[in-house]
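Reading through the structure tokens given below for one structure.
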């Protein structure tokens, strides 16, 4: 064997992975050295998490190979990953709330455990204690995991990884829900493990964190490997440029529309610990972009405005009238529409036909006497099918058979059918192909020309920059930046979104 | 049920996909099979008046199954239907026989009681967000238990003669009244489910409750109504059973929740909600009815028939799971 | 806080049981006579043995509605064996009962773990299949008391140190369950599966194998309970033995604080649940209240326990929905 620094501990080559019609990784290469922290960076949907899950045995790559040292290995399931000394720490900790800390550390991880092996509790607690001590964590091994903070649960998972003597630690956005103090503590542990020779892959959206902890940084964009840099040889602005990548092409252009009267005014909107003090205004013909990282509270604001998880404080004024929105039905009555972020979970009724999906939010308007008239339903759907160019056999085709982009158009059509005055679009182009994306942008322009207001939530920076008249940026549930179209650049938005203070002002 | 085993996996997949789309076709095949088997077991089975007459024996189950179809399509379940039926019968008996309330008033009171029993289930499910499975397992015991407290082990008789023997009244000298009633209700529920906005809500909730909520549908109200309809079916079934048997007993329809759920699932309704058609449930009801009747005339005891009914339930769920793999 | 509330829950049930005994004793002083207490002691072991199996099934996020029929099945088979072979040794009868129960339980496990039929539906089906088979096997005929060997009857009557053998056996089963769930790797995995099935699978825990195992064990315990029934009541009747017993057992388990959505449940809690039901059973009889109240009380108990547990969990911010149970 050669010197460990020469041969990487783990190498992935030509990794390709598609989910249905969407290819999320294309021919990605990646290598990991012993004793380094290697960060994966990229916008949402760049394929970071998928790559991690392939290495951790949760997904299987369609093509490509993974080598440990110089030996190719197969990682068909999480158990195989464990056997190869690879541990995956999920964004949401995979813990058993009813069981205690020690059990959460060891269950399923003990490679020698057989069906009937006995548990020596005293030893188990002692070993758990030792592992937690080695991490410098003050947790009682006998405490139930139920009720522990996310940070503590992560420590439990880290201890579990240690118990397997994992050489490779994959961490998917471990800091997403941690406080700054907790992040500091986590990083201390990560450094200690690195110094002991563990190889760590780290995903975070927060640039500062990445630059603080990483030895190397790999940037992915649209499922492709863009660059790998030594941290010492790169800078924040270069990484942002690599992530944002493509030039802002013309099809992101918002047509100039003279803003009309205010459609929506929001003052000091708050919901418990989700977001506070949100001020916001959307005028007729205007597109307001809401930028921020995943978990910054953008979707929570949208859900509050739509009555799914109503606001607990603040004021909402719709077309000059103060209103309370307690349910989606309330919001629809006020002319508000929400195209949700999670199309499969919240937007679509997959086994329903196109026509049935399009009518779903306006059944009362379409059929005032409660009697379904399939002809009227189909006719309404046909209009949108041609107008939005929904590629399909006919309006009776089931929506689960459509591609992501066409599914999204069906969801959009569902809301256009309600004839809203204000549309909230939460990640309207995520996971759909370029052509469909362009059509969605075209539609947004059309709608604003008709005098509708749009609140656009997007993690796609070029989209936000190209399509918005104004942009507000959220970070940790608060507004951290407001920019006009002229002021906004990718760098200052990213900076405000990551709470990078110097760059923000 | 694929009668021939196609040798190439492609044709298996094709058949599977087709059946997944029209699960009622399977039910229909089984119905014919049940009919042929029963006819072979006994010559009496094919006697038309007898055949029609025998349907009265399972029309209560049929009415409960119609409402259960709605409940299951929303993604819930109501295990308390048979117990609720017995409780309605008990309360009707107390009202009329013990308290002397005229039967003409007892009928609406019994229907209302049924609705209240359904409302109770529905409120626990929608307000407290308890799983319908556990709630109705509890009320399965509770409703039957209250019926038992009210009546003990007695057969309470003393209902007016005009109310009794509804199954002996026939239309055209051959079709008994309960069958007519079931037919009307089946058409009504079929229209409600397949032709109205309410029915659309029922399907949407069972398909994707979150998406239904995000589309502004009144999810909780629809679920509540569906449970109340299930209660109404208990009311109708309880009265029908009194009329047919001439007495009320606490052990009315004991264990029949099984037959009800079997009819629904065998009829092609997806046990996890979102899919199903009333026509399939009607067909499945007659499968069960014919089988019971056929086994009855062949002197197979009702208890032994449980093996067939239970087996049919498992078979139909397993078959449904298998077919959905092809989607 | 969770721990405190849950401890409060178990203590609450014990306290409630004591209050019940106290009230019963005030109204009818005969209640606390030794004979009645022995009566309670003879009824409870039956519940305890099956409840231990049911508890494990529920901990794994499943349910077994077929235990009453399984019990009836093994009782009728063993009863008929006694008719044909009056000299059948008791150990052989016990072995047969256990194996029959295990077989029926394994069939449930197969349906749930490999055919992906929801446990509630699968066992609702086998509830009636097994009961139907009881009739087919027995031809509907009861096994009369004169066929039940005196040796078997004596097990529930003779008692070393004044404690009936059945009680000792049930205590043994409870102890074994406790040891299994506490000290055997597989026992802990059952909790893990019920607590977070997704995580269990991702961690490489054999979810199917373990599910199969708990159903088999639950069936085996229901099988042996069939023999205990014959011992306790002295006859086996196909339309009576074990009918509705699943409700008694499930009530005991749920009252005992086992979470219906899986993941938590203790032997001690289940024992308190069984104790409470036993006291209610004998109490109703002694107080001259009709036994017809029993079923309603069980139903109410299930609803109260589930509501209480759900509300506590919601208060604690633990959101775990049971939708995948169906």
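The first chain written gets the first letter, and so on, giving A, B and C; residue counts start at 1 in each chain.
As a convention for this text, contacts are C-beta pairs under 8 Å (C-beta built on N, C-alpha and C of every residue); 3 or more make two chains touch, one makes a residue touch a chain.
Everything numeric here is computed off the predicted structure, so don't read it as measured data.
Placing every chain at the mean of its C-alpha atoms, the farthest one from subunit B is found to be A.
Top-ranked chain pair, ordered by C-beta pairs in contact, is B-C. With centres taken as mean Cα positions, subunit C sits 29 Å from subunit B.
The centroid of the Cα atoms in subunit A and the matching centroid in subunit B are 45 Å apart. Averaged C-alpha coordinates put the centre of subunit A at 46 Å from the centre of subunit C. The multi-chain contact residues of subunit B, meaning those touching 2 or more other chains, do not exist; every residue touches at most one other chain. For subunit B in complex with subunit A, the touching residues are 195-201, 203-204, 207-208, 210-218, 274-275. Put simply, subunit C touches subunit B in their complex at residues 111, 115-118, 120-122, 124-129, 131-136, 140, 238-239, 247, 250-251, 260-261, 290, 292-300, 302-303, 306-307, 310-311, 314, 321-323, 325-326.
In the complex of the two chains, the subunit A residues touching subunit B come out as 306, 308, 327-329, 331-332, 338, 340, 345-352, 356, 360-361, 363-364, 367, 370-372, 414. Within the complex formed with subunit A, the residues of subunit C that make contact are 1-3, 182-186, 188-189, 191-192, 194-196, 198-200, 202-205, 209, 259, 263-264, 316, 318, 320.
Considering their complex, residues 58, 77-79, 82, 94-99, 103, 107-110, 113-119, 121, 144, 146-147 of subunit A touch subunit C.
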